[in-house]
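Each of the two complexes below includes chain A, the first together with chain B, the second together with chain C.
Moving on to the complex of A and B:
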């Protein structure tokens, strides 16, 4: 009976033979650690890249989005709990080895592959091999993650990742513990590592009424981003919708969303967005130089763009991101 | 009290067994996911979505994206003949139906087969198709219940998909499949037949009885194919009875089968059940004057009571009426559904009925056993009145030996009281018409008369008729065992739960490997781990 320890994420699950980790998709089989979901996608879809949400990478392009079962966090508000909180034998899976992912991305005219829906951290090997192959073939790789990962595996993955949207759920360990059964520090470190290694990072914060919607919570988040990631880091405030185990709460009021959006802009962040609320002015990208609307959006849809090779066509300000 | 004991036992079995089963069924179980990769071209991308209700969006490599919505996703519970079922509807982006599939069911394979052509009708129906029986969908012949349930579920799924996912409001009026006029017509036809059957007995009118029987054969058999069935009783126990607004015939046969039995005895069996009518007609054509000795015959009559109890218990244990289906030969005969072995049993019963008066009714029919239990309480019975000369002709004439006098304790030939056993009497009226004094009639009161009936003594030689009779009975029981056995499924509470003993012997690693293999998952060696002492 050999025990193994998984060092992929900060949980460091110790697994006896036949046991699985907290994520349900990594198991000790005959004294070795195996990923149970390599090449087994439980969701694969062609999405607009704006859905991730990633607003500063090839706006209007499609991203071939894949996920497997399992997750290393257990958020009460999980939108995809049917796949994230299930072991892989209980989800409908399709065989989609890395080469097929790349092939499908091409077939569906996608410029990028997004590792999303659950958390790509738990299908790490699948993500790593696929992103490496995709990069070789000129596709971009988008990581949509909660960032709850150890430094070493993250550093090995970053070279292949073009952009990431990291869900920064709150600014306290207590919030992480109660909402997600996780901790804050590894997430902050993951964001900084990605930034350092040249990954274009956008941050999402889901505003949950009564959980993290006070000015104190919001300001702490804004200030940390401004101080450590820079004021040109895109920040998406996202509207919460009652689901999974938080059905008792109302959806985030529009005022809260607008308030957070305004607060972040007032604090000096250049690219603040309000998501999950089509038609909100926070759907648009504003030029930090002249204030002009650079990309006009409605939900995931691009209405117009005044960007010329990543610069504002009015004042010439450079906008961080990947534009072609 | 003694006469009520079997009925009380049966009622207890049905209620307690049914409640236990229903309680067990109400505990939630994980269901197998609607697997779309098995039914769509390879390379299809499936995404399970939850908004606004759970469904699967599937994008095949070529062609349009389709959406799979199941009845269970929408908390609909269409009910088939065998019990609740789950169906899945595949729709395209404009709410056109691409496919309808049965996901989970308790129907027999042959029944399901008859469903295939029915389901095929839905394919290609557009977003505004009425999806109604008799309008644009034809029901499965003689299976209107499931046809209606499935049609309704498909329509509800399509409409909710259209309304909530595509945002097109539903403009279709609600439709009631059976109009009140039709319901009244159906019900009054049944009642009319019952009244005319009763009048035939009261007035000793053989012609009227045969006219009624012809009507019963046409109405209950050929036209509606609705006969009182043990399956109905089991569904009551399982809490599955359909609403009268959905299935009026189900209730009609139940009422016509049970209420008159409490008043008059087994008049349903004798005059209205189409299979009984068929058997009697066949026997009348051939008229073999066989007479099986009472000891054998009366014993064989008890078989049906055993079958009733055994089958009911088995079905409740299984949580499905499936084992009982097909053992009633009238179901394959009039609905055209059933396994091969059930058809064989039906044919055998028809052959047996040529030689032995209503062989199935007298010895094997569980419905007959149940009406028998009920008729012990019947208000009116055939009773001798003043003027009886104790000739015993009625006793000799009874084709089901319901008038065989009670047991003689000393086995001697002595006069015994003539009593009709209401549990066996089919109200055929033979005794009424043969009585030279015409002193037998349906009545609450009668006089005590005794008749000289020769009793058997000691061991006796079985004659050919009796041997064939026993052979028929044994053959029938064997076939029945086959019919029932072929339908018994492993009960879910034995298959899902891990046997604790085997779990202890089975190492966790082995179990995990089996789980993964069953799910088609092949482990891939992971990075970032270490062995831990």
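Moving on to the complex of A and C:
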């Protein structure tokens, strides 16, 4: 009986022959570890890049977005639990090898490919091969992830990734354990590694009533981002909606979202957003130099833009991101 | 339907199923199972 240990994520699942990892998509078969979902997409859609959310990369463009079954976290509030908390046998899959993903992205006029919906960490080999091919063909690669990954595989992937939205769920191990059966430190390390390796990083924090919505929680997150990632790192506060195992909670009140948005701006973060609430002023990008609205949005829709090649057309401030 | 016609129909159906399965397998080639990166076995060999 040959046992293998998966070194992809901090769980380090130790698997006897025939066993699967916690993610449900990696298995020990005859003493070797296999991904069960290479090229087996359970979701493939053309989305606005704003849906990821990534606001500072090619605004208004489309992103060919794929996922497979499985996840290495088990969030009580998961919006996509029907695919993330299922093995591949229980999701409707299509054969979509890397070359087909790139071909489809081109066919549908997408400038980027997003690895999203579940967590691309668990379909690592598929993400790596597809992103390498996509980059060769001039497409951008967007990682939408919880960042629960070991350093070595992350460093091997980063050269092909243009941008990432990392879901920073909270600022304590206790929160991560109770909400997601994970831990905080590997996520923080992943964010820093991505930044160091030149990936454009945006951070999302879902504000869950009674779980992570106190001033102490919010300030800890804001201050860590400011200190370690820089004040020009985009931060998206997102509105929670009752789902999966947390249907007992109300949606995040608008006042809470607005309060977090104002708090982050007052603390000096330059690009703070309020998401899952169309029409909120936090949908827009403001110039940190003169305060003018640079990109006016409603939800995922771009209403107007005052950016000229990445600079404010009023005061000339340079806005971090990839704009063409 | 004569016995001969019945056998002919049956064989045609089986051939169709065989062809469909063959085409499906061709389409699936290269997807699904893939040896993972980043693992190690108890004998110390890295994957």
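Everything below uses one rule, namely that the second predicted complex is superposed on the first by the 324 of 324 C-alpha atoms of A that agree within 3 Å, B and C clash if a C-alpha of one lies under 4 Å from a C-alpha of the other, contacts with A are read in each partner's own complex, and residues count from 1 in each chain.
Please note the rule applied: contacts are C-beta pairs under 8 Å (C-beta built on N, C-alpha and C of every residue); 3 or more make two chains touch, one makes a residue touch a chain.
Remember, it's a predicted structure, so these values are computed and weren't measured experimentally.
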- Query: Of the two partner chains, chain B (first) and chain C (second), which one does A:44 touch, if any: first, second, both, or neither?
  - Reply: first
Check the residue A:243 against both partner chains and state whether it touches chain B (first), chain C (second), both, or neither. first
- Task: Based on the superposed arrangement, let me know which partner A:20 touches: chain B (first), chain C (second), both, or neither?
- Result: first
Quiz item: Given the touch rule stated above, what does A:34 touch, chain B (first), chain C (second), both, or neither?
Solution: both
First (chain B), second (chain C), both or neither touched by A:256 = neither
Thinking of the overlay built on chain A, is A:141 touched by chain B (first), by chain C (second), by both, or by neither?
-> neither
Of the partners chain B and chain C, which touch A:91 in the superposed model: first, second, both, neither? first
The answer to whether chain B or chain C touches more of chain A is B
### Task
Have a look at where A:153 lands relative to chain B and chain C in the superposition and call it first, second, both or neither.
both
Where chain B and chain C land on the same part of chain A: residues 2-8, 26, 29, 31-40, 124-126, 128, 150, 152-153, 156
Listed in rising order, the residues of chain B that touch chain A in the complex are 30, 33-37, 43-48, 50, 54, 56-57, 59, 61, 507-513, 515-516, 518-533
Chain A residues touching chain B in their complex are 2-8, 14, 16-20, 26-40, 42-46, 79, 82-83, 88-94, 100, 104, 107, 124-126, 128, 150, 152-153, 156, 243
Interface with chain C, chain A side, in the complex: residues 2-8, 26, 29, 31-40, 95-97, 124-126, 128, 150, 152-153, 156
Per the touch rule above, chain C residues touching chain A in the complex are 27-28, 30-43, 47
